[in-house]
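Okay, structure first, notes after.
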């Protein structure tokens, strides 16, 4: 029985696990799965060296990545901008996001719609994270995130920090929005439905990365993930299926 | 147990010095001569400590059983008896060191100059009633620091400078060690020989000017020459202060003691002038023990 | 009771064996009688070990200086001398324990039955020349296991059988300990009293049937009664094997030794029959030392 | 008998200073007060931690968590328990100590009993100290590269791509053994040193070789020290996170590798309670503090058990020996 | 005698003579074969471990070299923003010739030193007092409890401390100790959100103090009772005896404990990454009280936070340079500790 090993992004891991379970049910245990985590870059380097069959990545390919990799897009994920529940900020435009996160706007009083005043506390992710990469690309380009911002190593830490800090603002994967206020981006609420319908723009890609074109069991699995309706249904529970 | 009336012990020893002399193993030594004189003159002894019906038990085990005894300045009291009979325990109870042993309990009273020692601050008591142990136990400091230790750390106002130095030298001289170490008081004490270490420990104890000096088998780890020096020292000290010495060497008891107390399994079997107890013991148990070596 | 007058001894010496008898502190004991007989008959002694110009130095410090000595079976050889004179060092060189001390160097030869001991395998040598130490040091096992230790080879489980048990019992009996511990050989050895522990250590050494038994101040940590038992034991052992004992107790040397070697600052000053060395020493240094206690 | 008056010379020295205050300066008193304070503060801290963890642990822990497998799921608070991390902790701890014990005891014995040549002994001592001081995160990243070498393929596995995976219980256990090693070496060496020389010499004097003495007297005599070192080492291993996160593959479930019964688990990947706590704390992606608390509580219990084991070992302590 | 001494000395110097001096008593007779075997095996084990350690050092330094080589001494200096620099390194282009290495690691070094020294300064007196309390002043039942407590605290995994820190202490500090005014006073420079030097130092103190207490306690218990009783018998009170005899005798152990604790503090990654604030900021003592609430991220925490990026070569090399600095510091530390221990050791006291 062939074994498919996956490692990589912690954001992709839950989805990959669900997909694997569904796949096994459908093909009646035709393969064995082994799922490891570690982060997008771990997945990419593992697969590049041939240590795993599939590397999961929550970020797009970047120039520094090893050559010969194929990024197979499998799903998409919304990134939400969140504030403390005390600050029921209705909406942010891209310019506003950039002004806030680059540090040119430093007080909530300068942000229209803010229900509080005081200095703005920024919470962002560490450079190696896929979420940070996506945020930089989708929301910030060409600006840079302020150096003042606190770098957190995980979605959870940002969620917790914003939940605690009245003046905080940060961004997380859609699933980490419990207990915080989600801000509309360009007038669109950050919800699964809006993301699926394509109205919400702040979405990034999830990939299953292979070395060269996928072959054998891995190829069958990835094709199933990308094509089958079962996979679509699984993805649609919490993520944004590909069109 | 035979009741012993501690008061019945004669305070003054007169006469029979010749016989004593003959028994002594070192009759020609200067100290011996000095001592002979001291014995011929009426030596004044003063009661300093007294235990009344003292019982010490470790948990269930009674180590000292209803012992009543007096300790007098001006004389050497030797505690003898077979191993484990409670000599050390009795000695350690006199300056309340025994209470440091977990599980040790006490009944009966101990007084120092009429005052119950349990009403005194232990620190104060131990400064007046100091002890020298079987194993030489100098601190891992220099010779000077060892002797100065009790002076520097004991008092409210630590002594300093030349006064301290003076006292250290005096104590070393009294312990008969000064000559040997005068050159290098900064020498680590633990590098001294066993006999020197033991005399250092005595010097350390003398430096705080105790009123009662307790010695627990001070010579058992030493060679004869060191032993002799220490025995000599005891004689001299006994002129001023009360000296209690534990020994299981009967010859030593002979040589140094004015009074001897024989203990057996925690009981004080017999206590009296050295000559009487060692030569002519009343109690059968004493006789057996003394004969074991003597007869 | 006979008044003991050790001082008088050297001067009143006339008859030999009576004299010895009189000096002995335990003249009425059975062993003493046995010994008296042994001495009156010519006891056959056989040379077992010999040191020739043996020098041992710790780094720069010479501890044993050109010592030539013989060790004979059938007699007890006592090494005496003031503290630090090299007694222990000499003893430890006889079974090559001294080479375990870092920095110890040796010149000269030591032979066992004519063969250089440095040509022997150390374990083999030490099995034939065993040693008992000043501090009783039983292993933290049961009594049985302690004695059996030297008998049981390697890691193999011994046959719990009769042979081993027999040997253990014999060793314990020879050491005079069997009566006291027969009931419970599984008892932890460390719970025995000091004297019993020391006899256990001797039993342990005897179990391997050594040809030479070295004892380094075996009684210095013991009470008189235990001491007596061990002294008695030495007599008995000396009939069969060579016994070398270090002591700084001259009385003990008197009581147990057939031959006495006096050391001083590493030199072997005098060596001869016990009586001669102790009573009538030739060398001035010996005289001073012995007189220190005797005259 | 009435009290005899002390001679004048003695009288002068009697009873100087007040009674109860004698010999205690203000500084001394403050020192003692400070010591009490420190002791009580320690109690308070420990009590706070233990009670808080107990409350939280009991609040969130249920039996199901202990016996159900964890699943990679977005909302960890709803999915699965931590059976696998629990097993992972046990496996890793035992494995690490099985590697560290012979190595550590061997080194300690060599250092304490042979130690020749001296320069090598000093180097080894220094080396052990270096290991003791090396942060586990450094060991982890070192191990990752070390075990990627082809000769170590047996410890994890070789993927289809030809590269050695390097992450498995065996590789993590090997690095964890390095964490435990200094503790085992230290405790064993102390225990050996505390055995007086004359005990060794007594054994040599009975004609025993050094090897026999070590095996039959010294090691049994040092047994409680060795056990203490082992238990301490296991505590450190059970509590380490960095190596697990980097070297154990961080697969939530045990995922065995190959077919050989026990080896397949050891060559496979998994997780431990520490990495589980980390992942479910806000710092990890799970972010389910309830589970983090529950798992941390179980982890604490394990550590407590190891502590208790140390106690028992040391109390029974008296080295016994079966011949 | 004197002649012989001279001869001995001469022999020692030249190494000649009938029986050349031997160190440690290597017999000139056949040694026991079992012993030789045992010695060889055990020495093999020791050498194996030594080789492993050497490999580790060589490997880490080789990996770290490019980062040091590209930056020179400026590596240790301040300049620019470390997080920006790390991001730039992480996003290096694929071409090795254009890899970015620039880093000015001062804020990380400073944070490491700050948190470590702070924790040791808090923990040392606490540990000494507590150890004295346990060995001398505590009632016996309490002492037994305390010993257990200390060992428990020493064994609590750092991730549990981290968990408590991040879920309990950080929110507490954020809510109750940092006022909005204080936050506003540093707005635009740094954010105060509870994860701070203060929390990191306190949790670290609680983490390392038990280690120090345990070692000091053990050492105190090993001080010969004879010394203590000897001092007590001179009429010196118990506090003084502890201070002047016991603590003095165990100074080498205290140094050892401190070295061990500092080592743990330097290398602590997980806990610090959870509570220390995760900003490469250099807290400024001139800020007064605010200083304590400012975030700081030590080296080890930086490695863990960014471990994911190990697969990017220049980034990994930078992380290894952090590891190398940690290794050098812990090695220097144990060397200093060793020297100190040797100079403090009193004759006759173990170790």
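Letters A, B, C, D and E mark the chains in the order given here, with residues in each chain numbered from 1 onward.
Please note the rule applied: contacts are C-beta pairs under 8 Å (C-beta built on N, C-alpha and C of every residue); 3 or more make two chains touch, one makes a residue touch a chain.
This one's a predicted model, so the numbers in the text were calculated from it and none came from an experiment.
K.L.:
Touching subunit A and subunit D alike: which chains?
P.N.:
Both-contact set = E.
K.L.:
Report the most central chain, judged by the distance from each chain's C-alpha mean to the global C-alpha mean.
P.N.:
D
K.L.:
If I count C-beta pairs in contact for every pair of chains, which pair wins?
P.N.:
Summing C-beta contacts for every pairing gives the maximum at D-E.
K.L.:
Calculate how many whole Å lie between the centre of subunit A and the centre of subunit B, each centre taken as the average of the chain's C-alpha atoms.
P.N.:
The computed centroid separation for subunit A versus subunit B comes out at 85 Å.
K.L.:
For subunit A versus subunit E, what separation do you get between their C-alpha means, in angstrom?
P.N.:
38
K.L.:
CA centre of subunit C versus CA centre of subunit D: separation in Å?
P.N.:
The computed centroid separation for subunit C versus subunit D comes out at 48 Å.
K.L.:
Would you pick out the residues of subunit D that each touch at least 2 other chains?
P.N.:
23-24, 209, 212, 246, 281-283
K.L.:
What are the residues of subunit A that contact at least two other chains?
P.N.:
Residues 38, 153, 157, 160 of subunit A touch two or more partner chains.
K.L.:
Which positions in subunit B touch two or more other chains at once?
P.N.:
123-124, 127-128, 154
K.L.:
Across the complex, what residues on subunit B touch subunit C?
P.N.:
19, 22-23, 25-27, 82-84, 193-195, 220-226, 228, 248, 250-251, 279-280, 291-295
K.L.:
Show me the residue ranges of subunit D that touch subunit E in the complex, using the header's touch definition.
P.N.:
Listed in rising order, the residues of subunit D that touch subunit E are 23-24, 28-29, 31-32, 34-39, 41-43, 45-46, 49-50, 52-53, 102-103, 106-107, 109-111, 114, 116, 118, 120-121, 123-124, 126-139, 141-142, 144-146, 178, 181, 193, 209-212, 214, 232, 235-236, 238-242, 245-246, 274, 277-278, 281-283, 289, 292-293, 296, 299-300, 303-304, 306-307, 310-311.
K.L.:
Inside the complex, what are the residues of subunit E that reach subunit D?
P.N.:
Against subunit D, subunit E makes touches at 23-24, 26, 32, 34-35, 37-39, 41-43, 45-50, 52-57, 59-60, 125-126, 129-130, 132-134, 136-138, 142, 145-146, 148-153, 155-160, 162-164, 166-168, 206, 209, 213, 235-240, 243, 259-260, 263, 266-270, 273-274, 300, 303-304, 307, 310, 319-320, 323, 326-327, 330-331, 333-334, 338, 350.
K.L.:
Report the residues of subunit B in contact with subunit E in the complex, numbered from low to high.
P.N.:
So the residues of subunit B touching subunit E come out as 95, 97, 100, 102, 122-128, 130-133, 135, 137-141, 149-150, 153-154, 188, 190-191, 201, 204-205, 208, 214.
K.L.:
In the complex, go through subunit A and note every residue touching subunit D.
P.N.:
Where subunit A meets subunit D, its residues are 5, 7, 10-11, 13-18, 34-38, 49-53, 153-157, 159-160, 175-176, 211, 238.
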